[in-house]
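Below: one structure in structure tokens.
Per-chain residue numbering starts at 1, and chain names A, B and C are given in the order in which the chains are listed.
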Amino acid sequence: MRKSLASASLLALLSAGGAFAQECADPVEITWSTIAGFYTDAMANFVKSFEDDNCAKVTVVNIDNSQLYNKQVIEMVGQTGAYDVVTLETAEKAEFAENGFILPMTDFFADKQELLNDVSPTLRAMTVEYKGDVWGLPYYTYTAGMFIRQDLIDDAGEQAAFKAKYGYDLADPTTWEQHRDIAEFFTRKAGETLKGEVLTKDFYGVGLMAGPFPEIQDELSAPLWGMGSDWLTAEGTVPVDDVEKVLGEYVEELKFAPPAALTVTYDGVMNQMKDCQIAMTHGFFLDQWPNAVKTEDNCPGAKVAAIEAPGKKAYVGGFLLAVSSSSAQPDMAMKFVAHIGGYEIQKQFAELGGASTLTSVLTDPAFATSERRATNGQYATLNMIFDSMSGFSSNLFKTPFGAKIYNTMQIPLQAAAAGQITVREAAEQLAADVAKICGGPCPIAN
Amino acid sequence: MSAAPESAGLAGSPPPGKSGMSDRWFSILLIAPAMLITLIFAILPLIQALDVTFRMGDLSRGKIGDYVGLTNYRIVFADNQFWQAGWVTLKFTVVAVGLEMILGVAIAFLLHGATFAKGITRSLLILPLATSAAVTGLFWRYLYDTQFGVLNWVLGLLGLPEPNWLGDYTIALWSVVLFDIWQWTPFVALIALAGLQALPKEPFEAAELDGASKWRVLTTLTFPLLKPVLFLVLVLRTIDCVRLYDAVAVLTRGGPGTATETMTFYLYRTGLKLFRMDYASTMAVFFLYVMLVAAVFALTPLLKQFTDRAKEA
Amino acid sequence: MQRKTSIPLEVLRYGAIFLVLGFFVFPIFWMVLTSFKPESAIMVSPPRFLFTPTLDNYYHAIVDKNFFFYIKNTLIISVISTAIVVFIGSLAAYSFARYNVGDGHILFFILSTKMMPAIAVILPYFLIFRDVGKTAVGKALHLGLDQHGALIVSYVMFNLPFAIWLLVSFFQDIPRSLEHSARLDGLSRLQVLRKVTFPLAAPGIAVTAVFTLIFCWNEFLFAYILTRKLASTVTVGVESFFTLQGILWGPVAAAATISVAPMLVFVLVMQRYMVRGLTFGAVRG
């Protein structure tokens, strides 16, 4: 279905741009390095309209998410100019900016303020701005909330049992204590009942991403930021006690998660949810909504909801498009950034089920209808999260060592989750690792 | 490389030379291309790496920086994680190579005595070898998965405990070992089998006439005769295991925590994630040094065998 | 060596062989099975053995992801690398085997380069090829980044030690007397090499070629660092199935099956030859 939508819009674009395409004899070539996957494939289709309008030739290089960072740094350090437009994780922007790998786009956006202002302010503060400059546009957001099996929460029998056990009403969790209780409550063995029906396989209260991937820190960002703390203090050090506290609570919840929690990342959790194995997630990327909602097809009576994480804070992620400073065609590259991050493309992108970054798209009533629920059903929650987190930013995104820290911090965290070291040791090791990476307290820009 | 004009080579060492080049020049010419490639693409990068070990080298901050003396060596040697990774590598190598050798030789004996369906057996055995760890490792991750994997499903049906193969830090390394055994035991088995089949018949017939026990034949004849070929395989497997990267990268990424972080994976993390080329190069140089020292002991008997035979005749 | 056989022992033997084969074949069987599964039958518990087979995964891999592009690159790179390795390696190995060049020291040096961890040299390689690619020679030979030549040179470098090692023992097994008499018949040294020695060593050279090809075909790290798109190989291509929506298991299985298939066919064809070759080289090690 999506595929036919994509090709239909592509056809429309092609016929519109056809006249230009013929006149363009000597196109300007630029290359965009980005993340492999369906949404990027869709974006690649949109590249076509840019090529036709601007007499350009855009090559899209798809790279596995886990390799994107190092691959891009290598090309930046080597100053190969191979990638004109790069794709950066939120935590990587400061490093690329500080080291001169990417070009500031403040001047470029001087006459495009409406576009810049259309990027949700919360997202803009964290993904776009650094040291007073603008460094590109985010084109995709994986900002976190959480997914929950609403049918379980709404079940009268379960509600009664929950109240009897915990002394308060079963509802969407608003604190991490409630989150823990719900996780515990719904953890059942095969043979026990769920919603009055006998389970044929084990059921777990929560799906966690404690595998060897940089996602456990995304999960932990939710309770850590929620308690008013951060990965780095204003002095640039890790608040060991706070990390110990949230990590300790997290490790407690692992008891209520499938054993695979120690080996998987978000796709594993989504598979568990789609296979009717878990009741909810921890802080989780809401861009996975089209994936999560498939649970309703697979599990009889299931209803999935995207809600705000307890404490109303969670990881804010966006893939930033920025222009490499070794690009031979910076002007064209910048135009391309504005094109992909711009309203036209973002709107079409949203129609395919993409998690757009623009307020005008996210609040477009056309996406709030029940027909669009399977593709854009998380938009309302996303808007709520951006409102709740308005004015917030993490120091992790303000240090030029953010990328290295981000790509290392899962190691002690996961070691504690697996029981290899204690929670306290993990927090201390994280502090030591971070100090080693920064060579002392990490510099924090304002 | 037909640089040597053929007409000039009419004479050589056996018949006393007329014109043309000497054996010495001919032999040097033969190794020249291999030497050239090795010199350029092994020595040049090595010299670069060696140079970086004495300098500041945080690549993500731009260029290779100033000379800092032996600071990098001090830091690397004081780094617990470095020694930890070395220890993991050692454990992995000893267990994986040990088991692969034992199983490989056992399988070779098993197949050697078989008369039925030999070709198909050997062909099937080669399968794991022909695949890439980067790809089949992915499917092993799937097999090992506690929620969706076949392995635990079967164990569950049999009422056996269902281990968290890659998530339990006490067994994750052995799960990687199991994968390596799967991929490389056939290599050992096939070479050992070839060795078995090539054994000369006479000594065995003589032993049988003497009424020697099977065990005695095995220990006094079969294994001594197989020793050279087994030793070659042992050295090859050891080198590959010590440099293990792909399997770890795809199965565990060094996790959980650092439980399966081998030397090369730690090198990768330091060099290509943290971009501390100074530390990474220092580790690599030290690693190479240790390997070379070990190689002098391991390779000397092999080399002696080569050179002795080359001097024959 | 036929020994007296007892029935129970033979049952035990074939039972054991069956188990061993099951262990080595099952993961690949599972991969191939997955490639024919619809998405709804892959990540499900309990694992599903019965399903309606589909070719969608192959369609996705071949048409949507153009996977044959990676196969083509891999084919070009590994075949050329293997040819060069076998050619250069044979010359050098012959020299070591017959003339004892360097009295073992040069051989040790070449072998020792195999011990170098690839990760340590990958960035120097990257910079070398970046610069070489800008020169006239580099352009002519496609030695730049994301060009086939760069990977070929790397693979030649990293497979040469192993190849020479194997080949030396093969050459030493060829009786010198044959070469001697050929020389006395008036053949030049190179003619002897071409007409007598190499044909005799063919099984050994075949074994070396098979292993080299397998190693090149399955290499990941160099392919990943030194290429971007145009020269990417299958191991890198598989990564494009690791998407933001998770790993596309069905298409990955299809792609993996497609990329393993040529190696399997090749190995099966060479199998007889290989065993002869291995036997040949293994007599004395």
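Rule of thumb we're sticking to: contacts are C-beta pairs under 8 Å (C-beta built on N, C-alpha and C of every residue); 3 or more make two chains touch, one makes a residue touch a chain.
Note that the structure is a prediction, hence the values are computed from the model and not measured.
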Quiz item: Considering only which chains touch which, how would you classify the arrangement: line, ring, star, complete or other?
Solution: complete
Exercise. Skim through the chains and flag the pair connected by the most C-beta pairs in contact.
Key: B-C
Quiz item: So how far apart, in whole Å, are subunit A and subunit B when each is placed at the average of its C-alpha atoms?
Solution: 40
Self-check item: subunit B and subunit C: spacing of chain centres that average the CA atoms, whole Å
Solution: 14
Exercise. Send over the residues of subunit A in touch with two or more other chains.
Key: 74, 268, 271, 275, 277
Quiz item: Going by the touch rule set out above, which residues of subunit C reach two or more other chains?
Solution: 43-46, 123, 247
Practice problem: Would you mind listing the residues of subunit B that make contact with two or more other chains? | Solution: 59, 147-148, 272
Quiz item: Which positions of subunit C touch subunit A when the two form their complex?
Solution: 40, 43-46, 64, 123, 126-127, 130, 145-146, 224-225, 228-229, 239-247
Quiz prompt | Interfacial residue positions of subunit A with respect to subunit C in the complex | solution = 31, 33, 35-41, 59, 61-67, 71, 74, 78, 80, 82, 140, 142, 201, 266-268, 270-271, 274-275, 277, 287-288, 290-291, 298
Quiz item: Can you list the residues on subunit C that touch subunit B in the complex?
Solution: 1-3, 13-14, 16-17, 20-21, 23-25, 27-28, 30-31, 34, 43-47, 88-89, 91-92, 94-104, 106-125, 128, 153-154, 156-157, 160, 162, 164-165, 168-169, 172, 176, 180, 183-184, 186, 188-191, 214, 217-221, 234-235, 238, 247, 249, 252-253, 256, 259-260, 263-264, 266-268, 271-272, 274-275, 278-285
Quiz item: Once bound in the complex, which stretches of subunit B touch subunit A?
Solution: 59-62, 141, 144-148, 162, 164, 166-169, 252-259, 269, 272-275
Self-check item: Residues on subunit B engaged by subunit C in the complex (per definition of touch)
Solution: 1-2, 4, 6-10, 12, 14-15, 23-24, 26-28, 30-31, 33-35, 37-38, 41-42, 44-46, 48-49, 59, 107, 110-111, 113-116, 119, 121-136, 138-140, 142-143, 147-150, 153, 182, 185-186, 190-191, 193-195, 197-198, 201, 204, 227-229, 231-232, 236, 239, 242-243, 245-246, 249, 263-264, 267-268, 271-272, 277, 280-281, 283-285, 287-288, 291-292, 295-296, 299, 302-307, 309-313
